[in-house]
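For reference, chains read A, B and C in written order, and residue numbers begin at 1 within each chain.
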Amino acid sequence: MSVTYIDAIHQAQRDLLAERDDVFLYGQDIGGFGGAFKATKGLLEEFPGRVMDSPISEDAMVGMAIGAAISGMRPIVEMQFADFSSIAFNQIANHAGTHYYRTGIPVPITVRLPCGGTPGSGPFHSQMVETLYAHYPGIIVATPATVSDAYHLLKESVEIDDPVVFCEHKFLYRWLKTTEIDPEPLPLGMARITRPGKHATVVTYSAMVHEAVRAADRLAKEGWEIEVVDLRSVKPLDMDTVIASVARTGRLLALGEAFPWGGVTAEVVSRVVAEGFHLLDAPPLRLNSKDTPIPYHPDLWAAHRPTPESILEKLRELLNL
Amino acid sequence: MPQVPIIMPQLGESIAEARIIRLNIAVGDSVVADQEIIEVETNKAMMGVTTLCGGTVTEIRAEEGVEYAVGSLLGILEATEEEISRTGAPTMGEQGEPGLLDEGEEGNLHFRQTEQSYEEPKLVEPSVRGLPVPAGMKGAHYISPRMRARMDELGLREADISAIAGSGAGGRVTVEDLEQFLEYISDWPDSTASPMRLAVADAMRRSWSRPLASVGLPVVLDPVLEHRSRQNPKPGLTLYVLRAFAIALSEQPATAGFLIGEKVVHPRAYDIGIAVQVEDGVVVPVLRNVDQLRVPELAEEYGQLVRQARNRKLTPEQAQGGIATVTNFGTFGLKWGTPIPLPNETLILGLAAGIKQPRWSEEVGAFVPVTETEICLTFDHRVVDGGGAGLLLQRIGALLQSPEKL
Amino acid sequence: MESPSASVPITSSEIDADLIRRTLRVMIISRTLESKLSSLYKAGKIVGGVYLGTGQEAFSASLGCCLDQGKDIFAPLIRDQAGRTGFGEPLIEATRTYLGSALGPMRGRDGNIHRGRPAERRPAMISHLGTSVSVVAGMLMARRMKGELLEVVGATCVGDGATSTGAFHEGLNLAAVEKLPIVVLVADNQFAYSTPRERQFACENLVDRARGYGVTGREVDATNLLECLTVVHEAVKAARAGEGPQMVVGKLLRLCGHGEHDDASYVAPELKDSKLGRDCLEIGIQQVVEEGLATADEVELWKKEAAEEVQEAVANAQTDPGPDPYRDDWRAFSSKGINS
């Protein structure tokens, strides 16, 4: 019996629809069709009237969700790809993100973004967009890397009163499985030590957690113990766990799949240097995707993003500094 | 009657000033609240300035055709208390003189309505010429912040970790290397270094950062020993050497100079230090004006200082300000040595043991016994060369042959 | 004398004398308030922008007064002071927001016309035009899902410029697909800042777009109070009856600058002199007096009362404290445990 990452997301939505009257789902092709990734398969049949097909109007989808949320509902908006959320950027960042600060009324919307690359998906079906939303005040950005986190963080995202951008990774949808969803959830805002170590820390999130673990396993054969920290959410950012890890190991590699300018890896490094300078035995390093749009060809794509090989190489560089 | 200021309003987001087109009022006119009294032009539009309350115009400071900054005082009107409280208009007393910031008041530039347009800074000359540290050196030899923190925690200095081979890039010592080294020495027998030991360690480490060299000269001690035996009380042998040293230095001040950058700082006074061995270390009291006082005159203070030093009762002032030091290790029977100068001095003169030696006497035509010692000078080779050191020693040796003049 | 801010449930199918009188009074109050805001701005008492609805009062007030304050939703835009007053927004909320009071609905965190009380069905606008349409749509959808949509109408206003935005297009389209009881007033006042309508859209009349969205479109001479009331009332009634989204395009001329920092010198004098450039307030007063719905003296009294009401709202707001940057909690999250 195995549960995949997409199963967990499906299950979470199903449980939410069953447990709460105020949840409804809005997105393109999510009704009878069950969604482009089948995240909502069968849910319309089970919960009639609460799983709606929207027009291709990302701005209006989120605007509508904001209106519904301030009227007592808890909408989940599914964007077909994170890349298309740029159309809704204004409503998410300028409307939902500012609403509580300006009016005192929170906006409990959850916007689900299928993020990240898969071979052949190309520049507009592969992006990691967490940085854009984390930058704006008032928005929570969740980036689950495990099946259990996909389940529990989605539920918690809907239950929280603030707007949440839920970045689910497409590659993990069917590739990542577990035997059962962990009954003990870790709350939003806490990072997890996926792999304990002592020579260096890799801080990362989403699909890169698994690539980091594979790189760490290879280095273990050479006697290096690499600690891997899974952030679980990039905003809020659990610096306590990160700093404690760097205190243990003295070396930091911030790893992410997003583009290299700025972003989560830059934020982690800058905070570690500011708050934990005395803990560093070597300059902190970053590894991200290349600074180009995401290429289509699988060979180019594989070289564009960090892989266990490139992570290993970077870790070697870090360990030798 | 209270006075209400008429100020240039902020008529648009990036507007910093406006030009007066027409003044629709004159001094003495009566106005009502919300009356447009002045027409102005911004770079976007023609606008009006309106009154906050009714009253009488008492002063007009603005001129037609002239530009005024946002916040400038354009005029003043007088209004009744009642009108002011009805409209909430500010009065001159409350606002002070609008249009000027209090001296030293910074305020948020964005909202500073009372400033003339802000002149952006011109191109500037760099204040630091030449980088103090070479930029872009990959794998440069450095001590990491974590290493520093650990060293501070353990009270270690860079000299302390010189024993450790570094495994990091550029051969640097990493925290791991340090921890392994500490682990390695952890089961060796050890004792705790006293504060005196640490102070000497620090001074010697700092001194050693210079290129030091040593030269020695044999000197016949008999004249001094003979002169000394006829004195009562007997002055220390070291005191004669101190005197000769001071006189020789006063003849060549640059030899005792201290190098800072491009400057050689010469001695102001010939205050010479005396190295005194104490338990687990050395202290150096300083004898003052040794070039100007003779041995009998110095003897009492000399004795006092040495006693105090041995009893560890020296004040900090007594150990400061020397320009060179004499150390007598002859008391241990040593024939020569390479003492290390104090970190703030260029020279140290070592006195070895006096030993009866056979010496060829030309006059007698045979070997005659003499008591001879080796005086050793260690010097900072940046300031003094072998030649200068040699000449200095020769002069000291010569002076010691006429102890009655010292 | 009835208070113009009192809630008046619309039960009759025709517009009645009370509605007309009330609407005119609301227009007078709105004009008076805005005139005062303009003076305050030109006297340097207001920081930032001041946006007036001069010339649009009849159109906006008609909507505000035809809506049911007890259950309808109204998301106003920048020139809807009259609509706001008609819908029950207290004047002090306007003066407090403009004068930077910490006690206003936005508490200093937003200003001028960016104000509202979302929990009381009066959403606060953001500056990006057209975004309110989908938000009102969402508020209506929530009610539908909770079974509370019966007889509720949601309304919002845009200008001719806003109809160019993607947000407007997406919002109205979505509202139409979802068949929501939304009334969208489009005030075609000929200009978006300095941009004339020829540079804004290529269709003859904005109301032509209604057909494209699958919504009911109506057009009205927005300088004519009685016409405004008739048409807007009809539109609100149709929405309430479940006939789907209603677009009402009002034709008028903007009689003020884009903001009070703008003197609108780009507006051709011919426009100002044309029928389009007439002042709806003057026409409204004329109509009301001619129809015998109020006497000239009553109108004068309303003007006097408006001036007093405005003066009080200004005076009270002026004595309020501003926000304290040292005491502000500087938090954008409502969840207590969440920090950046």
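Here is the rule we use: a contact is a pair of C-beta atoms (placed from the backbone, for glycine too) under 8 Å apart; a residue touches a chain by one contact, two chains touch by 3 or more.
Keep in mind that this is a model prediction, so the values were computed, not measured.
Trainee: Please report the smallest number of touch steps linking chain A to chain B.
Mentor: When the steps are counted carefully, the minimum from chain A to chain B is 1.
Trainee: For the chain pairs B-C and A-C, which is connected through the larger number of C-beta pairs in contact?
Mentor: If we tally the contacting C-beta pairs, A-C comes out ahead.
Trainee: Of the chains shown, whose Cα mean is nearest the mean of all protein Cα atoms?
Mentor: A
Trainee: Please indicate which chain is farthest from chain C, where distance is taken between mean Cα coordinates of the chains.
Mentor: The most distant chain relative to chain C turns out to be B.
Trainee: Starting from the mean Cα coordinates of chain A and chain B, work out the distance between those two points in Å.
Mentor: Going by mean C-alpha positions, chain A sits 52 Å from chain B.
Trainee: Taking each chain's centre as the mean position of its Cα atoms, how many Å separate chain A from chain C?
Mentor: 41
Trainee: Roughly how far is chain B from chain C, centre to centre by C-alpha average, rounded to an integer in Å?
Mentor: 69
Trainee: For chain A, give me the residues that contact two or more of the other chains.
Mentor: none
Trainee: Mark out which residues of chain C touch at least two other chains, giving numbers and ranges.
Mentor: Residues of chain C never touch two or more of the other chains.
Trainee: Could you list the positions in chain B whose residues touch two or more of the other chains?
Mentor: Touching at least two other chains: none.
Trainee: With touch defined as at the start, can you tell me which chain A residues reach chain B in the complex?
Mentor: Of all residues in chain A, those touching chain B are 250, 277-282, 320-321.
Trainee: Provide the residue numbers of chain B that touch chain C in the complex, in ascending order.
Mentor: Contacts found on chain B: 7-13, 15, 33-34, 36, 42, 44-52, 71, 86-88, 111, 113.
Trainee: Please give the residue numbers of chain C that touch chain B in the complex, ascending.
Mentor: Residues of chain C touching chain B: 35-36, 38-45, 47-49, 257, 259-265, 311, 314-315, 318-319.
Trainee: In the complex formed with chain C, which residues of chain A make contact?
Mentor: 21, 24, 49-50, 54-55, 57-73, 75, 87, 90-91, 94-95, 97-106, 137-138, 140, 160-162, 188-189, 235-237
Trainee: Name, in rising order, each residue of chain C that touches chain A in their complex.
Mentor: 105-107, 109-110, 114, 116-119, 123-124, 126-128, 131-143, 145-146, 166-167, 170-171, 173-174, 177, 331-335, 337-340
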